[in-house]
Every structure is written in structure tokens, then in C-alpha cells.
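First, the structure itself, so that you have it in front of you.
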Amino acid sequence: MMEQLPWLILLLPLVSAATILFVARRVPNISALLSTGSALVTFVMSILFLGFGDDAVVPAYPWLWLGGTLEKGLVLEIGLQIDQLSRGMMFVVTTVGFLVHVFSLGYMRTDDGKARYFAGLSLFMFSMTGIVLANNFAMMFVFWELVGLSSYLLIGHWFQKDSAADAAKKAFITNRVGDFGFLIGILLVWAISQTVNFDRMETFFAGNPEVGSGLLAFAVICVFCGAVGKSAQLPLHVWLPDAMEGPTPVSALIHAATMVAAGVYMLARVAFLVEASELAAHVIAWVGGITALVAALMALQQDDIKRVLAYSTLSQLGYMVMAVGLLAAEAAMFHLFTHAFFKALLFLGSGSVIYACHHEQDIWKMGGLRKKMPLTFITFSIATLSLMALPWVTAGFYSKEAILAAAWHESAPLFVIAGFTAMLTAFYMTRLVLVTFFGKARTEHAAHAKESPPVMTLPLILLAIPSVIAGLPFFYERVQATAPEHHGEGSMLVLAASVITLIAGAGISFWLYKGASEDPLRIKLLARKFYIDEIYQGIIRVFQDGVATLLSIFDRYIIDGLIAQLPAYATASIGSILRRLQVGNLQGYAFLFALGVILLIWITLFNT
Amino acid sequence: MLTLGHYLIASGLLFSVGFIGVLLRRNVIIIFMCLELMLSAANLSLVAFSRYNQTAGLPDYNGDVLVFFIITVAAAEVAVGLAIIVALFRSRQITDVTAMNSMKN
Amino acid sequence: MPAYYLEVIVVVLGLTLLLVEAFVPLGDRRSLAWLAALGIGVVLCLSFLVSTPEQAEETGRFSALYATDGLALFYKRIALLTTLLVLLMSADYRKILHQYTDPERPQSQAGLGEFFTLPVFACAGLMWMASATDLISIFVSLEAVTMTFYVLVAFMRRNVGSLEAGVKYLILGALSTGFLVYGITWLYGITGQTELSAISEVLKEGAVSKTAALFAFALILVALGFKVGAVPFQFWIPDVYQGAPTPITAFLSVGSKAAGFVVLLRVSEPFIASELISSNVITILTVVAGATLVYGNLAAIPQNNFKRLLAFSSISHAGFLLMALASTPAGGAISQFSISPVSAISFYLAAYLFMTLLAFLVMTLVRTQRGGESIDSFRGLAKTSPFLALTLLIAMMSLAGVPLTAGFIGKFYVFLLAVNQHHYWLVALGVVGAAAGFYYYLKVVRAMYWEAPEDTSAPAIEVSMPTKIALILLIVAVFIFGLDPAPLML
Amino acid sequence: MSFNLVEIIVFLPIVAALAILVGSPARITAFIAAGANLVLALFATLQYANVTESSGASYYLISHRVFLTHVTESGPISFLSLSFGLDGISLTLVLLTVLVTLAAVWVSPPESKIRSHQRLYYLSSLLISGGALGAFCSLDLFFFFAFHELALIPTFLMIGIHGHGKQRVRTAWKITIYLGVGSMILLAGLTALVMALGGTTLHFEAMQAYAEGLSPETQRWIFLTLMIGFGILVSLFPFHTWAPAAYAEAPAPTAMLHSGVLKKFGLYGLIRVAMPMLPEGAAYWQDLLLVLLLGNILIIGLVTIAQKRFDTLLGNSSVMHMGYIFLGIASANTIGFEGAVLLMFAHGVSIALLFALCDRLRTQAGTLEMSKLGGLAKSAPAFALLFGMAAFASIGLPGFANFTGEVSVFFGSFLKMLEEPETGIQALQIAAMLAIWGVVISAVYMLRAFRAMFKGPAQEGLALTNPTIFERLPILLLVAALLTVGFYPESLMQFLRPTIETLPAIAKISF
């Protein structure tokens, strides 16, 4: 029975989504409970998984058998890979998933599309599990797109709102651009290593490391495109801030903990590929680093509570990608592991604040919520400290430390960037907490805010625990085999650097925002997010829509003209000329007859 | 001494006169006459051929047989042709060929 | 029963019809038409009992003059079937006919009798042409047919168009006869023979001067080109077809064209077979075929008189037929391809008979009951009489060469032959021609199915029983031979 | 005169059409014929399944009626024969045709709602379906070509009479003449092929036997003619201008049948006739084909984005998706061909589905101008869900058949690079990479349309009703087909794989 378990964990959410869609649509409450039930069962099963010990071999189901024999030929199969990497990730996904479900029970109680919402959540859980458990690139790509679809459905949940509909469309298309590169990467890697299965691929690259470097670098960079699209790295990051249009639990689950982490998880899964191509690793590291820096800068000037958290997620993801690029995949996974918990907590906390202030998201319209919402405040500040990597006490410290250590060993400039970003993180998180919870209430809603119902505060508390202890070895060992070691040389320097940056960032922010009623810093460039959105909008309007209208005119008049209308016009005009030859009078005909005779005789006699 | 060539040239000239007559003249009756001219040119060359195609001393009479056929057919053609021309004349009082162009292109 | 009995019976039938018309007090001249049609039908059945040459006992000189091979019998049946259907059409057409022969006396059916008997004589002439293998018998039978057509074309004395068409056909016909005769004299002059088989022996040895032989062939080609409607000599066709009474136009476009082609086949065979001149002959045939294809198809595009459109369509089909003729293997070589140009041309003409007469039958009905020949008079036919609209649609589909109709198989064979002989230019012109065909054939279909009828009050066109049977049989023939061409293959 | 199962399947719609012509009630007869054909096709699939294991022959359920024989020294061989047979490829396309025909007849309005020529409305759908079935099952080159043309006149009449929009008469003319020219060019090419292969037979297998002897030069220009001929029928890039307007203005059943089924004839022709018999020709013209198919995907893709009306958008998108199938064919290996045939099936079903929904939208909302529509999901959530499924299927979302086809096409185009690593990236791979960008383009135009029409605030005076159960069934039938092949592609692959692996002259998998 045990080896059937993984199939159950994969298919249960799909079954629940299907039943909700076809059967339980009319009864929202039942569908909500159904979906939360399936999340609970998968959560329990993922804990069972942790005790698995060895890697149970799960029979694969041949989905698309394209040729050759089942073993040798090209067979794209749905196979599950249970190793410590996927078990750890499953634990994260199911934990956060279950808690978000519970939180949504409260948050979405009065929503009219509740059944559709929970069906979307279950579909997301199914697709995310698919990515985590996939043992080959093809299956991962299949679930990659399904995750894109479920995020499209969930972001566009309130499809009546134009902004939500546009945000959903933008998310899906940006993901599709990423998938474009990812698919090319998969095909190239398949062509090089003759397989899509990760294990066989790993043995292939272990076998002959000197495989064509140029082609392999291009292939790995293409695969990295997929991660850039999904984990919203720099060129394709524009969709994540807009994705905040979706309900907050969705942001918590998808745009903090799991989906955006899929890109990093995929890179960790194919770490051997990144190692095989040194140039690609370099590119990955730098993209990660720059994303972290730019995102942190942008976060400084955001007023919407969810936008700040979105940019902070972007920045933390940048860290993880940088770590993968620096060939420190374990550090990246470790940070992903801890970040999932406290970032989910931050989002749920902001959800509870928004719920309390009647869907008000602008932090300058809140204030003084410390006394009115103590529980939310305490859990929110724990998560903030963990994000800011308060030494030894928080989980964030251990994982960020690992990444800083890796950066220290590999390349100095990246270490500086990482450090500076850590400072910025401290700065904007302190600003956020101060403006939201301290000082006096600035609006009516904030004044009358009261603590969220227990169904929403319970998940906050449950998430606060791992935010603190997730970094400690006893917890992490159980979930991941090897925690990155701390005591390399120069670790003291790294420790000092992180402490200094923390104090500096928090201090400056504290001094600036203590009791401030409106934002003293007015940096237009950062508030407008470096105008990247506007630039992209311009590019699309010119290169896509402009060229499209040009081409459609070209197509309707020139191609159609040359290939269809011109010959038609030519034959018709020849026809009318020939027709006028029929002059009607006898002598004309006799004359043409004579001409015909002469011509005929001339041709017969005088040329072969 | 007249050879086959002379006859052929004569019949060729006769044929082309008839042909040009059909092209240039405007009156239907005249055109009809020129057509008969062309047929008689053919008769001339036929007789010449049968005269000069000696097979064992005797002229080959096939050509002459054909001449008779041509003459009878020409006669029949004239009969029918004139009937039509008369009918045309009765209904439209014209013999001018160029006036008949009610149907064109 | 030797084959020539058929011609004798037909002529006797014609004579008896004249006697009956003169002496028997007929109530309505139309019964003459049924009598003629019945007679022709009987002869058609007899034609299937005719003994082929092996059983024919006498050989003698006569068999050199009159061939009774499969080809002859095939074209005799085509001539008989065409005459049968033309008689049917003329029965429907008598009101228009009467209007233009003597409108003053409404009851008298003075000229009607001849209109039904002359086609019978023309049929005898056509049948004779089918089996003429001697220059003299070719000339005589050809003239017999053209003579009857002169009268038939100019039959409607009161109608200007008919008379004008008659005169044009007369003058140009006589001109082409002049060239035919001159060609025959030259051919006889250089070979000393009048039988085609003897001529082909002489030409095979090549003891003849090349230019003289080519000159003779050119002259004969002029006359036959005129008869068949090939390009330099096709100017008479549109005017004569439009002017002549519709049944006679049908007779001309099918009967005389088919007979013209069988004579062309027989006459051109010796020229193509002799290595001396076959390349020149093939070249001129290719040029003429190409020109006919272009002229026939493209000039038809701007037409809006349906009869004139069918005239140009007959020129375009002549083009396709000449394309097949031009694809005969030169110098007498036999190609391993199982379909010979003769069988392809014969099948094409049989298919052409079915589809064109189908179109003419419908057109006669529309002409008599809607009063117009232009495409506009077909407006809304699909609503007023759906059966006729469907018949005309099938005829147009087959003429355009839409597959699963006999017309398509004809074109398919022609393309196969042309490609076999590497006439790629001809194939290209054929493609352009057929494509243009899709446009002008479907113009009438558009008129029938989309435009509303001019006067919606017009009563539905009533179709007499024999015509309805004929239409159904023709439709079945178009589809059956479109599916399985075997029965019509020589 | 015993009738073989395949003959019944082919002639059933045509006989039903004649029955309607003679007077039997149009909609019911059409329904019975289409339903019976679906059942028969499924029965044939079952029969085909258990026959495959036993014998290794390439065709099954063969019926052979010889019309003309060609006498050779080794006895008469069939020159022209009405012979039908099924193999993997034709079976898939028969299933496609039967499915789409049933859906098309189901979606057509009841006779009372059609203004005039009610009988013609149903008659033409049956004729087009019969023509497609005949073309797909025929083993004789002549009837392969002849049956396909059966659909030319019905399409002409349907667009002209029952079409939408003022321009429909001009469009009817354009599509008929354009396809007429295309089929004539194809006819010239096919006759050249027949004559080049000895001219003694028109039967596929017999012709294939002669194929080795062809010199590369003749192969080249014959393949070019065939490519242009088939290209016009399939709306390959420069010859596509007839398709968008025609599909936009055609009535629902004709648009469904023509774009869903009939357009696959050209591709089937390339796979069945052109590629196996002219391998050097195909290799020579591969680069030209690649450029043209990129024209299909990228240029027509962008043109689709610029469309303002949804039906012209659909018309252009069906032209664009042909590019992928051509890519599968151009890769000339078994995986590419399997992808191409799968994509033919998937695109056929999904475009038919979209045209059915688009037609319902046009009748209910009155206009298809995307700017005038909006917020329809509020008033018709079920319709929006179905439309969403169809839209996502057509842009290649995993779980639907289109994705399976596209994935195998892309894997096919990279197979050569895998087999001979030293060749590295070739023209085919570059073309494939550019083609993959089409995935983004299709996402852009389809989601923009979906967002513009269904999402956003509900507009006053614009209400869509949810389809009744009866109306939903054909749509669910097609969606079910897409999902089955999407989730369980082996259902079709078990037939396709053995057939395509035995196709002559294309590269097999050797790693």
C-alpha cells in the first residue's frame, strides 16, 4: 500500500477540484470543507512521508509513448520521485496549503464565488504537487503550465474587477513567455542527454562532463528562463505585484510560499545541470543578485501592504536564485524552506489586517493597530524579525546566513549586493511594521478595527512556530537531510556583516518613521517601480500591436493582392480583351479567319 | 509545254483571287461567287493532278471522280445559300455584310 | 446486320416523316417530333446489334470507304443520342419557333414539320461522317451535315439574329469547305491515294516532299479547326450559337463538334504516325490547343448571355480535346500508358454530350417560359423550380470539372495524357482554364440560388414528362460515368 | 453486392444527403446519419484494434472494386478502383470527421429558424462529411482527390446563402475559385506523379512500389507542385488569404466542418502521398516549407492579434495552427508525423468547438465585435466555463489533446539533433524554436479575447443565456474527446504508432 501513497497525494486534490466543479458547485460550504479536507489529508500524508527513510520506487505511468520500446524509446511518463528534496518541499507545500485553506474558510466566508475559489485552490495543490513529485522534465512542464492556469484562475477570482482580469491575463502571458524558454531548454537538454528523466540525465552529465559547453550553456539558460518566468526574476517580474489583485490567502499560498518557489525548486532539482555549465551558473547568480537588489529598492516606496510584501518576496527569491547560481543549492532550498513559513505568515497577517480594516490595503490609512489586534501584531512582528534575519533567534537568520556565506566564498561583488539588500530589507520591514501597527489610527476603519476571528488567527500562531524554530538543526534535519554547515572560515565576518546591516537598516527606518503621519521619503523613481511596467507596455504596444496591425494590412492588401486579386484581375482583363475580338461583322471574321490561316500555315511549315 | 507546275500555279492564283474576293467585297452575292471560284480552283488542280499522276501510262481517274463530287456539292451549297440570302433580303432589305452586326463580344 | 444499314434506315425514316407531314392530316405537328424521336430511338437500339467487322462477310472496295470499327459505332451512337435529345428539345421549343416563322397565323404550324425532319437527315450525315475513311466520303458526309445545319440555323425567318447567324455560318462554312477541298486536292496530289489507310502507308515511307505534305495537312486542319471550333477559326461560334434556335445550338455544339473530332482523329492519324512530319504536326496541334484553351476559358468570364457563355464553354472544351489530341505519341510510338488519346477523346465527348445537353434542355425550358437567355432570367430559379435548378447545378458542376462527375474524369484523362507527353505548358494553361471555368460556370448557379426572382409571381416552370425522364437519365449518366468510366471506355 | 464497413461509413452521409434531397425531413435524417456514422466508426475502431495484433498488414477492413484494369505482361493490375481501407492515420481522421459532423449537425438551427433552403443547410454538411470520409479512407489516388472536391460546391452555396455579413458573396466566390485553382494545381501535380511512377496504376501501394526509381530532379518539381497544391488547400502561408474571411462569414456547421475537417485533407495528402513517394523532393524543399510555416505561425499569429472581431480571429488562428502541423510534417520523422496527426485531430475538434460556441455567441449577443462585448461570464457562467475550456485547449494547455500534439511535434523536430549530436542545431531546430514563440502569441490573442468578452463588469442590455442540456451535449462531446486524448493519448497512439513506423522513407527512432 505504501507505494500507492504518492499517487494518492497527487490525485486527491484533483479529485476534490473535479467534484467541486461538477458536483458541489451549488453548495459552497460543502465544497470549501471538501477542499480543506483534502488539504488536511495531504498534509498528514506528507508528514508520513518524512518517515519514509529510503527512496521508495514508485511505478511510472507511461503517458505519451511516442516511439521505440517502453524502455529505450521516447516515452513521456508521469513518474513520482520521492527523495529528501521532494519530501521537504511537500512538507512546506502541504503545511502552508492547509493553513491557507483554514484561513480562507474565514476570509472568503461571504464571497459569492466561494466554490469556484476552493476548486481553484485544489487545482493549484494538484499542480504544485505535480511539479514537486515530477521525476522528468516533460511531466514537470505539464504541471508547470497547470500551475500557471490555476494562478490565472485564482488571481482573476474577482473577474468582475477590470484590474483583476488584466492582472490574471498579465500573469498567464508572462508565465507563458517563461515557459517558451523553458520548453526550448527542455528540448535541448533532451537532445543532448537523450532523456528527460532526471536520474538518467544526472548519470549522463556525471558520465561525460565535457559535453558541448556552448550548446549546454544555452540550454541551461533556456531552462533558467522557465524559473525566471515562474519565480518572477528580473525581466519577467512584472506580473507578481499585479498578482496581489487576487484574494490575500491566494497571495500567501501562491505568491509567497509555493508557486514562486517552484522555479527555485526546479533549479535545485537540476542542480547538476547548473554545475555542468559554469557560464550559465554565473548568469543565474547575477540575475538573482540584481533581482534581489532592485526588488528591495522598489519595496522601499510602496504604500500598499501587499505590494511591499510582494517585492520583498521578489527580493528573497533573488537571494535563492543567486544561491543556486553560486552552486549552493542546499542553501537556496534551506532559505526557501524557512522563507515559505514566515512570508506566508506575513501575508496572512496582512490579510487579517485588511479583513479588519474592511479591505483597506494602504498602510498610511492604518496605524495604531498594536493595541486593537495584539495577536496579529505579535505574529506579524515575529515573522518580520525572521525576515530581517535577527541573529540566532529567528529561522530567517540561519538560512540567509548560509546564502551570505556562499556569496562570501564565491564572488565578492555579489556578497556586497547581498549585504546591502539585507539592510534594505530591514529598512522597509521596520517601516511597514511602524506605520501599520504603531502611532495612532489614521482612519475610521483603523480606529474600529478589532481582532480577526479565531479561524484566521489560529493559522497565524501555527505559522509563527516554524518561523522561529525552522532554522534550528533538529527541526531542519528531520525535513532535509543536510543543513548547510555554519562554521566555515570567515563565518564570523559574515555574522558581523549581517548584524551590522540589520541594525543600520532598522535604525534608520525607526528614526525616520517613528510617529510619522505621511511618508518623509519621496523617491518617485522607486515608487513608480523604475517605470518598468510603462516600458513593457510601450514595447508591447509598438512591437506587438503596432507590428500586428501593420502585418494585417500587409496581409490583406499585399499578400492577398499579389497572390489572389492580381491573377484574378489579369485573367478577367485578358478575358475582356479577347471578348472584344468578336467584332460582330462578317468581314471582320473573314479577315481574322485569313490571318488564322496564314499563321497556321507559317507555324506548320517553318518551325519544328 | 504545260507541266503540272503551271496548272498548280494557275489554280493557286485562282484560289487566292477567290479568297481575297471573299475578304474585300461587301455584297453577299459577290462573296458567294468568290466562294464558288475557290471551289473551281480546287477542281482545276485536281484534274491537273489526275492528268499528270500516270500509273502505267494511264492517268489516275480518282481525281476526276472527286471533281464531280465537288461540283454537285457546290451546286447544293449555292441552292441553300441563295435561299438564306433571299430570306435575309426579304426580312431586312440589305445585302451589305457589314450591316449585320447585331451580335457582338 | 452490316453497319451501313443504320444510315439507310435513318434516311428512310426522314423521307417517311416528310411524306407523313405532307399527306397525313395531322392535328398537331408535335406528333411528328415524337415519331422522329421514336424512329431514332429504334435505330439507337439497333446500333447495339450491329455486327463488328470480323463477322461482316463482304470485304470489297466498300469497306475501304466505310469503316465499321468500334470508334465508328461509338460516334454513331453519340450522333443518334444527340438527335434524339435535340428532337425532344425542339418539341419544347415550338412556341418560340412558331413566333418567329409566321406569327400572323397563330394556328398554322406551317414550317414546323421540316424543323423536326431536318435533324434526322443531319443525323444520317453525322453517322456517315463517323465511319468515313476515304477523303471523298469524308468530304461528302461533311458537306451533307453542314448543308442541313445552314438551313436549320437560319430557320427562324422573322428573327434577325437567326438569319444573321445563318448567313455568317454560310459564308464562313463555305470558306472552310473551300480550304478543305483545296487540302484534299493537295493530299491526293502528293500521295495519289484517296483512302486514309493507303495515304498513311505512303506517308510512312516518307517518299513525299515534306513541305507539300505539311501544306496539305495545314489546309485540312483549317477546315476541321473551323468545324470543331479551334482558335484561329472559332469566331463564328459565339454569334451563330446565340442566333440559332436553342435546339440547333445544342445540336451544333455536340453533334457537329463530335463528328468533327472523329474526322480529325481519322485524318490526323496518318500524319502523326509518319516520322517525317509528326513533330511539326504535334507542334501546330499543341499551339492550337493552347490558344483554344486560353480563348475559350478567358473570353467566357465577362459573358452574361447564357447561350453565348455555353458557346465559349464549347470552345474551351474543344481546347481540352485538342490538348488530348496533341498528346498522341509522335512517330507512331506506343506509350505504355493504358489510355490512348482516341479513347480519352471519345470518353470526353460522351461526357460533354451528357452535361451540355443537360444544360441546353434546362435552358430551352427557361427560354420558352421565362422569355430570356441572359443569366438574369435564371434569377431565383432555385425557389421557383428547385428540380430544374438542381439539374442545371449538376450540369454546371460537371462542365466545370468538379470531381465525381463525368466531366472531371474527361479532364483527368486529358491531364494524364498531356503530362505523359511532357506538354507542361499545356497543363499549366489547362489549370488556368479550368480555374476560370469555376468562375463563369458558377455565375449562373449564383443567379439561381442567391438573387430573388425578378417577378415573384411567375408560375413554376412545368416540365413535360419525356423531358423530365431525359433530365433524370442524363443526371444519372453524369454521376454514374463520373464514378466508374469503364462502360464508356473504347 | 456486399458492403464493407468502411464503404458504409463513407457512403452513409452521401446517401442521407440524397434522401434529404428527395424529401425526407432534413434535420432528423442528418441526425440519424451522423449518429449512426459515429457508432459505426467506433465499431470500426474496435474491429481495427483486435485485428492489429494478429496480422502485420498496413491497411485493414479493405474493400476493393476494380473499375479499370491495366493489362501488363504479368496479368491485369487495377488502374482505377474504388478501394477503401483503414490504417492508423485514416482511422484517426475518420474519428475526427465523424465527431465534428455530429457536433455540426447538432449545433445547426432547427428548420423553422432557417430563412430559406432549409434542406440545403443540412445537405451540405452531410456532403462535406461524406467527401472528407471518402478522401481519408480511399486507397486509390483518383478517389482520394475526387471525394475531397465533393465539398467545394456545398461550401460555395452555404457561405453565399446562409453566411453572415455583407461581404459573404465575395468571400464565397473567393474561397471557391481559390480552392478550385488549388485543386487544379494539385491535379496537375498528382497526374505528373502518376505518370512519373509508370502510369500503370492509381493505387497507393502499387504506386509506392515504383517510388524508388524516381530521379531526384523529377521528384523535386513534382513535390513542389504537390506542396503548392496541398498548401493552398491547407492555407499554407502565402496561400492562406481565402481562409479567415471564409470561416468568419460561413455558417456554423460549414465553418466547423471546413476548418476542422476538410483542411486536414491537404496535410493527410502530404503524409500519405507526397512524403513517402518523393523523399528526396521533400528533403530538398524542407527549408522552403520551414520558412512558409514560420510565416503561418508568426506572421499570421500577429495578424490574429490585430483582429477586432472574434470570428475573424478564429479564422486566422486556425490558419496559424496549421503551422505546427506543417512543422511536424517537415521534421520527416516518426515522432513528428505522430505529433502532426495528433494535432490534426486535436485542432480539428478544438476549432470546431470554438466555432460552435462563437456561432451561439453571435446569435445571442448579436455582434462579435470584442470591444462591444464584456462581462458575459456574469450572465452565463456555464457558457463562460465551456468557452474557457475551449480557449485553453486551443492555446495548448496540458490535459487537452492540442498540447499532446504540440509536444510531440516539438520533440520530433529535435529528434535529428539527438540522433546525430555532431550536426548540432540545424534549420529545423531554429524553425522549431521560433515556432514555439507561437505558443505565446496564441496565449495573447486568446486570453485577450476571453478577457474582453467574458470578464470585466457586466454590460447592460447584453445578456447571454446558459446553454440548455440539449445544446450542451455536442459541446461536451467535443470537450470529452479533447480530454480523453489529452489525458490518455494512448487511445489514439496505439493505432498511430504502428502505422507511422511502417511508413516508408521517413526517419525512425534509432536511439
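Labels for the chains are A, B, C and D, by order of writing; each one numbers its residues from 1.
The rule is short, and it goes like this: a contact is a pair of C-beta atoms (placed from the backbone, for glycine too) under 8 Å apart; a residue touches a chain by one contact, two chains touch by 3 or more.
In this text the structure is predicted, and so the values were computed from the model without any measurement.
When chain centres are taken as C-alpha averages, the shortest distance to the whole-protein C-alpha average belongs to D. Chain geometry summary: the mean Cα position of chain C and that of chain D are 42 Å apart. Mean C-alpha position of chain A lies 77 Å from that of chain C. Per-chain Cα centroids separate chain B from chain D by 65 Å. Chain A and chain D have CA centres that are 36 Å apart.
Counting partners per residue, chain A has 579, 581-582, 584, 586, 590 as the residues that reach two or more other chains. Chain C has residues 167-168, 171, 175, 238-239 in contact with two or more other chains. The set of chain D residues touching two or more other chains comprises 177.
Looking at which chains touch one another, you get A-B, A-C, A-D, B-C, C-D. Here chain B touches chain A in the complex through residues 19, 22-23, 26, 97-98, 100-105, going by the rule given at the top. Residue ranges of chain D in contact with chain C, taken from their complex: 21, 67-68, 70-71, 79-80, 82, 116-117, 142, 145-150, 152-153, 156-157, 160-161, 169, 173, 176-177, 180-181, 184-185, 187-188, 191-192, 194-195, 198-200. Remark: chain C residues 135-136, 139-140, 143, 147, 150-151, 154, 157-158, 160-161, 163-168, 170-171, 174-175, 177-178, 181-182, 184-186, 188-189, 192-194, 238-239, 242-243 touch chain B in the complex.
Chain contact summary for the complex, chain A toward chain C: residues 571-572, 574-576, 578-579, 581-582, 584, 586, 588-590, 592-593, 595-597, 599-601, 603-605, 607-608. Listed in rising order, the residues of chain D touching chain A in the complex are 174, 177-178, 238-239, 241-242, 299-300, 302-303, 305-307, 334-335, 338-339, 375, 377-378, 392, 397-399, 403-404, 407-408, 410-411, 414-415, 417-418, 421, 424-425, 429, 432-433, 436-437, 439-440, 443-444, 447-448, 451, 454-458, 489-490, 493, 497, 501, 508-509, 511.
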